[in-house]
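Note that chain A is present in both complexes that follow, paired respectively with chain B and with chain C.
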Partner chain A sequence: MTAGWRWPVWLSILVGIGLASTLHLAVGAKSIPWSDVWQALLAYDPSNSDHSVIRGSRLPRLWVAMVVGACLGLAGTVMQAVGDNPLADPGILGINSGAALFVVIGLLVLPGNDMSMIPLFAFSGALVAAIGVMLLAGRTPNPVRLTLSGAMMAALFGAITAILLLLDQQGLDSLRRWLTGSLGISGANLPAWLWPYIVAGMLLCLVNVRALNAYRLGAQVASSMGVNLLRMRLLSLVAVVLLSGCAVALAGPIGFVGLVVPHAARLLVGHDLRQLLLATPLLGGLLLVLADVVARTLVSPYGVNTGIVPALIGGPVFVALVLRKLK
Partner chain B sequence: MSRWLTTPRRCPGLPWVGRPIDVLAALLLLVVLTGLTLYAASVGSYTTSMAQLWQSLFAADQTALPGNVLWELRLPRILLAILGGAAMALAGVLMQSLTRNPLAAPGLVGVEAGASVTMLLILVLWPQALPLPLYPLAALLGGLAVALFIVALSWRGGIAPLRLILVGVGLTAMLGAVADLLITYGNIDRVESALMWLGGSLHRSDWPQVQSLLIWLLVAGLPLLFCHRQLNLLQLGEGVALSRGLNAPVIMLLLLLCSVTLTAATVANIGVMTFVGLVAPHLARQLCGDRHGALLPLSALFGAVLVLLGDTLGRALLPPLQLPAGLVVAIIGAPYLLVLLARQRNR
Partner chain C sequence: MLKAMGLQLQFDELKVLDDISLTIPEGCFTALIGANGCGKTTLLNVLARMLRPASGDVLLQGKPHVQFSRRDLARQIALLPQRTASPAGITVRELVMQGRYPWQSWWQQWSDADQQAVDRAVALADVGMLLDRTLTSLSGGQLQRCWIAMTLAQETPVILLDEPTTFLDIAHQIALLELLAELRDQGRTVVAVLHDLNQAARYADQLVMLRQGKVHAQGTPAEVFTPANLKAVFDLDAHILIDPHSGDPLCVPASPARLRALDGQVAL
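Up next is the complex of A and B:
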């Protein structure tokens, strides 16, 4: 990198996150002045109702938004790097719907399980979907075929989920918010049992950085540089499954974050994966926090589901990417 | 023997596209379809025997119970399933040939998503806005509008298949988000009925719907059976088609319009049936390869059989409950499709 670390860019990302978080804490069903937000964070007063709203419900939601955004952004980056495909995204390739289907099956059909089983269901679903899409997509990298296989897998898993929910109206009523990606569902706090999976997924991404960077030159060049391609692909698969499974377990299937964020990050920090893998979690968190702000203020006081906002933004971005890349 | 069956132009009575084996396959499918029709007409919460069925079919008095059930409930439903399956299968063949991609589904250009969002808007937000008979028309218009928008976006001096597919996937996902929004915030009862419709259910079938679907099938589907030559040429690539004297952009646009119309008509009258359009052409291709002269009629037959089977199974599996035919077909058809495509993935 000739430019080295571009401090202004990184600084503005961090400042953006800070501003967005403060905005996220301040607006909502009841707007709270900024000074009170700061006070609630710095000098918490349990008797003040505004403070307890911020500490009790908005701050946890902010953390969930950041973690989910970071997971999805990283997963999208790794998928785009490994698949050598600018259109990859856990939502478009059906991985999120696979995870969602398995969670629905786990919650509705199998009796007697607690919330800590959800990530395991989500991982197995994500794994099944990822392997299915990879089998369908074939060996030669072909973005169109990959995208279509993903769309087909998503349609299949969606159909099965729909049947299950039709059979069980109560299940539909309780799960339909989760199924469109809602940050409010996981409730009070980031569950402690999710952390190991998230950290493992992020570490796997970091272990892979050098291999992925070399892979950008092409599979042959990379393997002649001593990269173990099979190991790289397996590790990336595990990382993607862990990260998107965690995101689904936390907030339901949220699409398009993994698509938009890597492209935005590439515009900002360039193509070096060492910087990309650091920038995408930050940008993903930023995007999801902003999306959550929009979702909560759009139809106040009800609030739209968070997953819908990235899809409404991301769809046009996807189309614009296609129209620009495919002349 | 097998050589005689697969050699073209051996039987003077057949059209030149046909081979004896195609006729055999078509006959076999027709027999299966007839058998399935008879079964579907007799099974249900009111079971009729074959003799009763035969009597009531020709009985002058249709107010008696068996005749009433047959004419008012079962026959329109069976006919609608057959017509819808055929239409979706034809639309699927067209889409797969036009994009030269075995994974292209007829809903690719956003017809289904557009129609779904329109129907959800009507069913969930303004249930009183339109009289019931106009619902299919509204879905048709919504689907067509979205499809035309996607085609216009991806237009580049002709239909560019790659752009069409990817723009379609993007916009479909976006419309899916809108549909999700409506599903999440609607009244749960209305959402339930809308989900039933989105799953491709035939439970509201009636004669007017059969009529409208039949008309659309005659307008947009029948001419396709005579377009096999153009489709065969397009399969070889646009360049080859051009050099053989085909006005490729115009023909492709017309064929795409046919596919979109067929899909929209089916979605409007039955509901979303994506997997029929994906699976039926592949089933037919196992029998006759890429020869469109035989592929088109055979996949139409396969589509009819699939939807009828899905609907009958959906009615018979969990008796008081009716599973939507589209979802049943998806569950039957998708594993087969996965195996098939995984086997030929390196092509």
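Up next is the complex of A and C:
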């Protein structure tokens, strides 16, 4: 369909990602000149300590930031589309808290688990939370009830997590950074076996894109045009669980990215899901890379947790976008 | 040809469709009429397979329509619901193009046939000058025409419309009914729930009167449009006149109070 591709917008997004990534690699506890950053990428010299910092610790962290941002952006977009709810987001609807709770239970309560089990706990927690929210939200689509159910789920899971951690001070210390969303926790490495889940989640979004586009016209119209609503919702559920689960497993529960990125993307590229599903992973990655830059420079040299920043910078940006649109 | 056989459907205790059997002839304009809550919308949704009846069957070209795949059915029957959303950020062009959904697939995106179907639909519904407007910027009448264009772009032999004239002023109502008659003349089967009895009698080839989930009367307007039927279906006292220009029956509601006052004085 000829909804029109706004090439300047896409070009700016890509340029933005390039600049943000370079910045991400250059700043940190030790600032590295941009020229050295490029050299480390293009002509790696193992004997140069700056190069090994970039290759060994900052580049993996950059990848994690991009992947986590992309997963959250996509998950938020799919949730907003399928829930027909502009407030849907893995954070607000409790998916992230569910995943986090199950990770905490898995690591602290059940014996004999190590960090490598985190993704499985995260998936099951995300699934339980998603199904719980859907059951609470009821059969008839009702955006307000859905949002309230999600908020309640998030609060409930958050409370249980807090209780568990209070009972286990040692566990709290080891998990605190992860629980506020930290890109450093996974050892700044992207486990290779997480990729299949991420790719599967993204492919499911892609398979669903025509149905989601038709669904914008309402459930009844979509259904009369041959959209299998049940299949669309199931695929979306699995995609959201995989994507949010991966994001939580990698970096802990990071909120707000899934909420703000789809809205920003709609303002930039329009409402066509085919463009949105391409733009939101890019914008999500961009947002989280920038957030991580801020997180690592804000109170240098200590660094705050990345998960705190999206809310800090995303909130005002979000309000600005909304206000501009209301005018 | 669309045929309903012994349709039954209940919502909780309420029998919404109570043994409905009817034939919708091919290439005809059929109007469903009846009082509020008599099951018109439900019947339309069952005919479109949006609702499954508890028992009974709908036959499309002699084949039970549960045997059609979703896509094949969507290539045969289009449904325009009574209430449609006006999602933000969608232009009229995108809306009409969505009508091609059942003809497209992942590997076969926009084709020349799709474009021609959209062009035809846009011309028929006369929405050419609205194509770049967003849905939220349109008036009710314009919006309805755009949704009709989307339904037409689906290029189905059967078109079902639920109260398509609601929210339109009288001129737009007539324009829409003329459009439906034109579609009928092109050989399409049109089924519409209509509220205005005189419009139904004038434009439809067949009237189906529903009363409490049953077919009360079915036939040509001249056969069905009788004071007795109107009394039974709508609890309405009315006279039937003949339009001197077109020869169509016209219903003129009578005021019971005045009827009583005039009783015995004037021979009606």
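Definition applied: the second predicted complex is superposed on the first by the 307 of 327 C-alpha atoms of A that agree within 3 Å, B and C clash if a C-alpha of one lies under 4 Å from a C-alpha of the other, contacts with A are read in each partner's own complex, and residues count from 1 in each chain.
Note that contacts are C-beta pairs under 8 Å (C-beta built on N, C-alpha and C of every residue); 3 or more make two chains touch, one makes a residue touch a chain.
If you're wondering where the values come from, they're calculated on a predicted model, not measured in any experiment.
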Fit or clash - chain C, chain B, common chain A: fit
In this superposed model, does chain C or chain B come into contact with more residues of chain A? B
With both complexes overlaid on chain A, does A:Q275 touch chain B (first), chain C (second), both or neither? neither
Identify the partner contact of A:R266: answer first if only chain B is touched, second if only chain C is, both if each is, neither if none is. second
Could you tell me if A:M225 is touching chain B, chain C, both of them or neither one (first, second, both, neither)? second
Between chain B (first) and chain C (second), which, if any, makes contact with A:N208: first, second, both or neither? neither
Examine A:I163 and indicate which partner it touches, taking first as chain B and second as chain C; both and neither are also allowed. first
Which holds for A:M152: it touches chain B only (first), chain C only (second), both, or neither? first
Looking at A:R216 after the superposition, I want to know if it touches chain B, chain C, both of them or none. Which is it: first, second, both, neither? second
Contact-wise, after the overlay, does A:Q80 reach chain B, chain C, both or neither (first, second, both, neither)? neither
Considering the aligned complexes, could you tell me the closest Cα pair distance between chain B and chain C in angstrom? 14
Common interface residues of chain A with chain B and chain C? none
Contacting residues of chain A [partner chain B, same complex]: 87, 91-92, 132, 135-140, 143-145, 147-149, 151-152, 155-156, 159-160, 162-163, 165-167, 169, 172-173, 176-177, 179-180, 255-256, 302, 304-305, 307-308, 311-312, 314-316, 318-319, 322-323, 326-327
For a test of understanding, state which residues of chain B touch chain A in their complex under the given definition. 101, 103-105, 153-154, 156, 160, 162-163, 165-167, 169-178, 180-181, 183-185, 188, 191-192, 195-196, 198-199, 274-275, 278, 318, 321, 323-324, 326-327, 330-331, 334, 337-338, 341-342, 345-347
Touching residues on chain C, where the partner in the complex is chain A: 48, 50, 70-71, 73-75, 77-79, 81, 84-85, 87-91, 93-95, 97-99, 101-102, 104, 106, 109-110, 150, 154
Chain A - residues contacting chain C, complex: 1-3, 207, 210, 213-214, 216-218, 220-221, 223-228, 266, 270-272
